[in-house]
Structures are given as structure tokens and as C-alpha cells.
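Each of the next two complexes has subunit A plus one other chain: subunit B in the first, subunit C in the second.
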Partner chain A sequence: MNILHYWRAMWGIIGRELRRFITQRERFISALVRPLIWLFVFAAGFRSALGIAISPPYETYILYEVYITPGLIGMIQLFNGMQSSLSMVYDREMGSMRILMVCPLPRWFLLLSKLLAGTAVSILQVYVFLGVAWLYEIQAPWQGYLWVLPALMLSGMMLGALGLLLSSFIKQLENFAGVMNFVIFPMFFMSTALYPLWKIRESSALLYNLAQYNPFSQAVELIRFALYGQFNREAFIYTLVAFAVFMAAAIIGYNPSKGMMTGKGGA
Partner chain B sequence: MNTDIALSIEDLNFSYGKKKALDRINFKIQPGECTLLLGPNGAGKSTLFSLITRLYDSRGGRIELCGFNIKQQTRKALAKLGVVFQQTTLDMDLTVMQNLRYHTALHGMGRKQSMLRIQEELERLNMFDRRFEKIRQLNGGHRRRVEIARALLHKPSLLLLDEPTVGLDVPSRQDIVDHVHRLAADENMAVLWASHLIDEIYPDDHVIVLDKGQIKANGTVNEVLQLTGTSTIKDAFNRLTQGAQA
Partner chain C sequence: MKKICLKLLLFIALTGIAQAETVFVTLEKDNALAVVDPVEGKLIKTLAIGRRPRGIAISPDNKFLYIAASDDNTIKIVDAETLKELGKLPSGDDPETFALNPAGDRIYVSNEDDSLITVIDVDRKKVIKQIKVGVEPEGITVSPDNRWIVSATETTNMVHWIDAKTNTIVENTLVDPRPRAVGFTADSRQLWVTSEMAGTLMILDAKSKQIIKNIRFDISGVTADKIQPVGVVIDKERSRGYVALGPANRVAVINAQTFEIEKYLLVGQRVWNLAFSPDQKRLYTTNGISNDISIIDLDSQTVTKSIGVGTYPWGVAVKP
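Right after this comes the complex of A and B.
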């Protein structure tokens, strides 16, 4: 086993995921339509109801659409991470996951590559979304579009690792509806994606705490600051740690002697 | 470590909770040998395959592929293994070539070597001209051919097939049965073929009859017939599994 083997396998996995995504046009369109509806309909409606005070990284008063954009980027990655995990459950039920699992590489590396592949797909979606938002005159400084790339990589990996972890526990595809109700919605609504923390604090201290410690909030803040050329150290560390924890748990979950296989199979 | 044996299974046990799925399984497969694993539904065939491919982990017993212990030398062991699973594991929206390139990438093969091996294996199965077609456009038999070609790209020493002919028409089934037997003979490849179709057995094959997690018979076709005092494998199978549906 040499480095070249790892390299080729990793690009093989990423290439397959990108090709699959591009050939599945419906998936591409629906991934884009969801945040755009939020942007064009929800945000436009809320614009007058919600005033956003000047707070970092913004230096002036901003429209609600501007505030919500990083949250919607996070939403794209959250859905993508969960969709990847859905496809892992599907692949496992259908058997194509087995092809990956029987190749002669360590399982952690295969899972990490799968995660990178999912993140690459989500980044593709995010940039298309940012392009549409730009045309809608939601424009960040041009450097922001570069700075946001590493932030997207980390947030995508973190949310993907969470999806991976969930997929190791979900035994059947039907159970996935639960993920929607118990993971995606709470994570999204109890975060800084739609409203800033100080605004949440005004209404509920509990919600404020939940939102603050929600890793999704931290990922959104990382993206928000990066999009305006700033580095949010706290959000970076929090997201990084969350990624490490989710990833380690997912690797254990996929270990045949410790994780889901024993749950599924016994001893 | 005995590298003259492609697959060695010793005292293998496996349970789902309290239910014993495999009970003290022992057998060996030599290179060039085609072994049919027969058993009714629920006999433990799929569990055995999951253990050999290390999708499950056993706590009791030992599995070696070409001398490599599947638990301790997992990657070396898996490198020797080609698998065709019961359900199709191809990407429907990708072409034959893209599916096969994905496999060669997972096995660390470079572009030139990949192309060469893909051509060799597809030509052998008369599928090379269809390499740019999407899997969705192929019929069941052709999809199976692609999966067999894929399993062979990295030149494995042991080929595992989990009921690969299920749902295929008679000519497609016959093609696959013939091709796999030729592989064992010409390439000196060891084959373990799980099946419940008696007519897939050649007279020179080895047969293992598995029922309720136990091996009921293990030997050549003639040995199994002698053991059971029957004249056809079908009768032998019925006797060994006490009439369980194959």
C-alpha cells in the first residue's frame, strides 16, 4: 500500500460523487431551489419585520437577505451532509457501500474520502447559490469569495461527519424521516442562521444557550465572518472540535467489531 | 501461513444475538477450484460472505485469504479478493467505463494499467463495445457481466459470488456459469459461489451444503452423492436439508 494508492482512491471517490451529482440534475436543482426560496420569499417577507443592528462582521446596517445568506449556505451544507448520509444508508441497503468497504484501504480513510467527496459537492452547490445571490445584489467583498472556501471545507466536513455518524446508527432507510425532524430542523432553527444570537437572547435564555452551543451556529458564524474576509477563531475551533468528535464516533460506528455491524449482526 | 490455499475457514462461529447463524464452520478452497455453496434461505450463506468480506466481524474462528488473516492483515487479505454481491452494486447513472474506473481507483491502479485491464476483462465478456453506455441502459445479464468484469480487474486470487444469477434468464445464467468455470480452470482462480440453483453445478465442482448454520456435506459432487446415497445433487441436497426449499 503506497501513497499513490491512497491518492488514486481518494480522487476516485470524489470523482464518482461529483459525476453522480452532475448527472442527477433534479438533485442539483432541488439543492439550489431550497435556499433560493428562503432567500427570495422568506427573507423578503421578513425584511421589514426584523431589524438587524450593526454587529460584526458587518460594518453597516444590512438587509435581512444579507444576514441570512451565510445561514442558507450552512443550510445547503447541512442538507447535503444529511443527504450524503441518506445515500450511505441507501447504498448500504442496496449493497454499493460494500464495494467501498471491501477495497483494501483502511476504513477511516474510505470514510474520510467519502466525506471529502460530499463536501466537494456541497461547495459546488454553495458557489452556484452565491452566484445567484450576487445577481440578486447580495454581494460580499470579492476576497470573501476566496476566504469562504476553507471555511466551507471545514463546515462541510463537520456537517458531513455528523451525517456519517447518523448513517452508522440508522438501520433502515425509513428511519431517515426521523433525522429530518430531530436533527435537521432543530439544528437549523436553533442556530444563528436565521436570527442573531442577541435577538434570540431577548426572547429566551434557554434558546440562546442552545443556539450558542449548536455546532451548526458556529459553522454558520465561521462562514459569515469568512465571507467578509474575517477569521472567527472561536467558531473555527468549535467547528474543528465538533468535526473531530463526529468523525471519530463515525469511524467507531463503521468498525465491524464495534459499531453498526455488531448492532446489525451480533457477535 | 499457507499460501497454497486460497481460502481457509477454521472453527468459524457467528450469532445474531442469541440466534446462532454459523456453527463451527471449517473448509478450505484451493486455487483453481470452483466451490458451490448450497443452502436454503437462511442457511447462513450471506452471513458467511459478510464475514469473509469483513463487513461483519467474528469473535470465534479464523478466516484466511491466501494466507492472510482477515482480522489482522485485513488489507492484504482484501486485495486478494474479488466479490460479486447478490444485489447489483453499480451506479446506474454512470457508464460502464466510469463504474470500472472507480473500482480500479479504489485498488490504486494507474490510468494506463486500468484501461488495459478494463479492455481485457470487457472483451472477454463481449462488453467492450458497450463501455460508454450507462448501466441503466443495460439488461440484467449485461449488468452482471460488468460486475464480474469489475471483480476481476485487480486480478484477485479468490472470487466470491453471492447468487449472481438470481433474476436472469436461462441463456444469461448459462453464460455466467460457463464464464466463471472457465476462470477457475484457465486462470487458476479459486471460486466460492453461493447458490440455490442446483443446475449451476459442474461435475468437477466442489460442493458445500450449508443448513441452519452447519456444514452438512463438503466434497466433490461424487463424494456428496456417495455420502447421501443419492444419484442427483438435487436429491442429495433435499436429503441433507431434510426437504428445505432450496
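Right after this comes the complex of A and C.
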């Protein structure tokens, strides 16, 4: 097995995922509509026309829609991570997972490729979203649009790994609604995506702690800082560790002899 | 030797970059003067400067700072380099705003409570005349051609045109309620006046002394009572003018040719006074309630940074 095999397999998986995303126009639009509704409708209600107090990485006063933008980028990646895990469950039910798994490459590599594919799709969505936000006068310094790419890769991988881990638990497609209620919503709302930490602290110390240690918060902060050309080391390490933990657990989860797959009859 | 020369050159070049302009901000509540390096975006230091310092101006040769210490009833002369106090000027009671003439040898002070304009001979440090104006004079400016001194009186709702040669009022123009600040265009042809209460900016023709344009500010999401225009400045080319909108926390950008409002820039809370950088590439705002100044990059028309300076920043002056 040489490196070329790995390369070909990885591009096969990524290519399939990207092609699937681009040809499914409804999926593309719906993936974009969700954060845009949050931006145009939700953020408009909370506009705080007189400006939000300065907190890093911002160097001056901002409007709420500027604050919420990195949070919505995180939301795109969170939903995308969950969506790709959903497609894993679907693939398993439809049997196409079997085809993937018979590939004579290590399982972890196939999962990683799957993850990369999902992340690539989410990054595509994020840049389109950032483009629309730019037209809406939510504009970061141009360097930020480059710096945000590695941040998006890491945060996308972390959230994708979480999705993979969850998909290893889910037996049937119908159970996915549970993931929505028990994972996506709590993760999203108990984070710095919608409100700054100091604001959460004003209402509840417990919520403040939950939000602070929520890996989704850290991913959002990593994106937020990167978008303004700054590197948030703490958020980077936290997100990286979270990725490693989720990924390791997902690999174990997908191992037929040890993991959650036993007795599921899948893969 | 060559190496040393090169090092020296490099040193000079580097210090040249480091010695960019300096921004001075009066801190009304802290009784102090804040010194800011706007390029580094840092507060360098604050020093005690007398009680309730408000109005501030720099001499045309950039050597002296004049600072109105309202509760000391004086205008202090400060060396702009060493920041040592060099002397005082007799300003009349409670000086708040004042204006220097282009030559820098006369200072005109608004004495709000006495409804007077005090004319000071800067070199002799003497009062030449006190001119009776309307009630509560506030905004004051001298036209760049040194022909007019204009004083706006907040309660009389007038701008008074004072002949700079005779120091007498020649004409009055009725304007919108509570005129706060006045500023001439560089060609001395127009006078821009802000009305705090009406939320408007009026453009007056210096020849006819009549209002030729009245602009009302309107910001979506901000109630009209919060829009209280104060400080006004116009760039040298008269391409754009800028108006500080007080508790609306914004600076309005106005096309000085078409008089259209181009943009509102979000800055700190209760923005009052404005000053250009010497090259007019940046604009500095004092934000009274959020205790900071904001820096606006005029090329990109964006607010780049806000820097905490101390309690109640009021006036701002820039030294190249």
C-alpha cells in the first residue's frame, strides 16, 4: 500500500462529498439560509445600535451583527458536522458504507478522509456566507479572510469529529432528532456564539462556566480572533485537544470489535 | 565606520517612524491631560493640568498647547514638547471653548455664564476686549482668512458674526435650537453649524450669512433624542465634513460638495469633539462617557481603534 493509494482514496471521498454538495442545490441554499436568517432577523432584533463594549479581538465598538458573525460561522460548521454524521448513518442504512469500509485502507484513515470532506464542504459554505456578510457591511480586515482558513479547518474537523462520534452511537436515521435537541442546541446556545462571556456571567455563573468550557465556544473564539488577524492560543489548544479526543473516540466507536458498532449490524 | 553610519541611519529612520503625531486629550473629570500615540494605539501618559480642563488648541507653529482649565478660570500655556506649564492667559470666568486666529496671536474665549467673548492678546497675555454676545456662548471659530470670528450662543440660538478687525458684531444669523459648534471650510466661504437640539447641521454662506442647506441626521435603530450633533470639522479639500453626534455614538460623514450623508461611523459613547491628523488621513474623536478616544481611518472610512484615556475626555488637539 503506497501513499498514492491513500491520496487517491482521500480525494475520492472528498470529491464525492463536494460533488454531492454542489449538485444538491437545495442543500447548498438551505445551508446558507439558516445563518442568514440568524444574521438578518435575529441579529436585527438585538441590533444594539449604540454599540457593544469592546472585548478582544475587537479594537473598537461594534454592532451586534458583527459580533454574531463568527458565531454563525461556527453554526454553519456545527450543522455541517452533524449533517455529515447524518449522512454516515444514511450511508450505513443504504449500504454504501459497506463499500467504503471494504477499501483496504485503515479505518481511521477513511474516517479522517470523510472528516476532511465534510470540513471542505463547510468551508465552502462559510466563505459564501462571509461574502454575503461583506455585502451587508460586516467586513473584517482582508488578511482575516486568509487567517480564518486554518482556523476553519481545525474547528470544522473538531465539530466533524464530534458528528462522527455521535453517528457511531446512532442506530437509525430517526434517532437524529435527539442529536438536534441534546447536542446541537445546547452547544450552540451555551456558547460565546450569541453573547460575549462577560454578558453570560452577568446572568449566571454556572452558564458562564458551561459556556467557557464548551468546545464549541472555543472553536468560535478561534474563528473570531483569526478573522481579525489574531491568534488565540488558548482556543487553539482547546479545539485541538477536543478534536483529538472526539476523533479517537470516533475511531474506537467505529471499530466493529470494540466499539459501538457491535450488535448494530452496520458497517 | 560604514557600519556605524548605517546603524545611525537606521536608528534615525526608526525613530522617525516612532515619532509620529501625538494626540492630546483633556480629561474633564480627571483634571488631567492624556498624551496618546495614535500610530501605536497607546496611551503614553496622563499629567495633571488644572481643574476641569476642557477646550484645547495647539499654536500654528505647534510649539504651545493652550488648555482651558474651566474651574481655574484660566487658559494654561503648555510647552507641546516638554509638557511643562509656561504660563497662563486671562480668560475670563469659566472658559470652555476658545479659538485661535490663524496667526496664533489672538485667542477668543466663550464665557458661557457671562454671555461674553473675551479677546486675548497671546503675546502680551492681556485681555484686549470683551464682546457682549447672546446668552450662553459656546461654539467659536475664526475664519481661515482671519476676517470673521463666529460665536454660537446656545440659548439665543444665533451665530454672531464678529469682524476680526474691529471686534464688533456685524451680523447675526438665527439658527436651529442650541447651536453647539461652528467650523469654517478652508476657503472661508462656508460656515458649518451644528444644532444639538434639532439634530441638524446647517451650512451657512459666509457672504450672505444665510443658511443654504439644513441637514437632518437620522440613524436607523437610534431614537431622534439621542442624535445631538456637536463637533464639526471639514477637510482641506472640502470633500468631506464630519459631525460628532453625541449620545448616538456616531460620527456622520457628509459629502461637502453634495451635502449628502454618506455614512455613520460607530464610535464610543457621547462623542463630542473631533480633530484631524496633520495629514488629514485620520480623525480623532473624544468619547465622554466611554472614557476613550476613537481613531477613524479616513481612507477606508472605518473606525480602526478605540483607546481608553481617562475619565470624561473632552477636547482633542494633534501635534505633528
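Just so it is clear, the second predicted complex is superposed on the first by the 260 of 267 C-alpha atoms of A that agree within 3 Å, B and C clash if a C-alpha of one lies under 4 Å from a C-alpha of the other, contacts with A are read in each partner's own complex, and residues count from 1 in each chain.
Operating definition for what follows: contacts are C-beta pairs under 8 Å (C-beta built on N, C-alpha and C of every residue); 3 or more make two chains touch, one makes a residue touch a chain.
For clarity, every value in this text was computed on a predicted model and none was experimentally measured.
Colleague: Pick one for A:R47: touches subunit B only (first), subunit C only (second), both, or neither.
Modeller: A:R47 contacts subunit C only, not subunit B.
Colleague: Tell me which partner A:P104 touches in the superposition: subunit B (first), subunit C (second), both or neither.
Modeller: The answer is first: A:P104 touches subunit B but not subunit C.
Colleague: Residues of subunit A touched: more by subunit B or subunit C?
Modeller: B
Colleague: Taking the superposition on A as described, I'd like to know which of subunit B and subunit C A:Q143 touches: first, second, both or neither.
Modeller: neither
Colleague: Would you sort A:R20 into first (subunit B), second (subunit C), both or neither based on which partner it touches?
Modeller: A:R20 contacts subunit B only, not subunit C.
Colleague: So, A:S203: does it touch subunit B (first), subunit C (second), both, or neither?
Modeller: Neither partner.
Colleague: A:Y61 contacts which: subunit B (first), subunit C (second), both, neither?
Modeller: second
Colleague: Would you sort A:W11 into first (subunit B), second (subunit C), both or neither based on which partner it touches?
Modeller: The first partner, subunit B, only.
Colleague: Considering each complex separately, which residues of subunit A are in contact with subunit B in the first and with subunit C in the second?
Modeller: Dual-contact residues (subunit A): none.
Colleague: Along subunit C, where are the residues that touch subunit A in the complex?
Modeller: 41, 219-222, 226, 247-249, 266-269, 290, 294-295, 302-306
Colleague: Can you name the residues of subunit A that touch subunit B in the complex?
Modeller: Against subunit B, the touching part of subunit A is residues 1-2, 4-6, 8-9, 11-13, 15-16, 19-20, 23-24, 94-96, 98-106, 256-257, 261-262, 264-267.
Colleague: For the complex, give me every residue of subunit A touching subunit C.
Modeller: 47, 49-51, 54, 59-63, 139
Colleague: Touching residues of subunit B toward subunit A in the complex: what are they?
Modeller: It is residues 14-17, 19, 21, 47, 50, 53-57, 59, 74-76, 78-79, 81, 83, 85-91, 93-94, 98, 101-110 of subunit B that touch subunit A.
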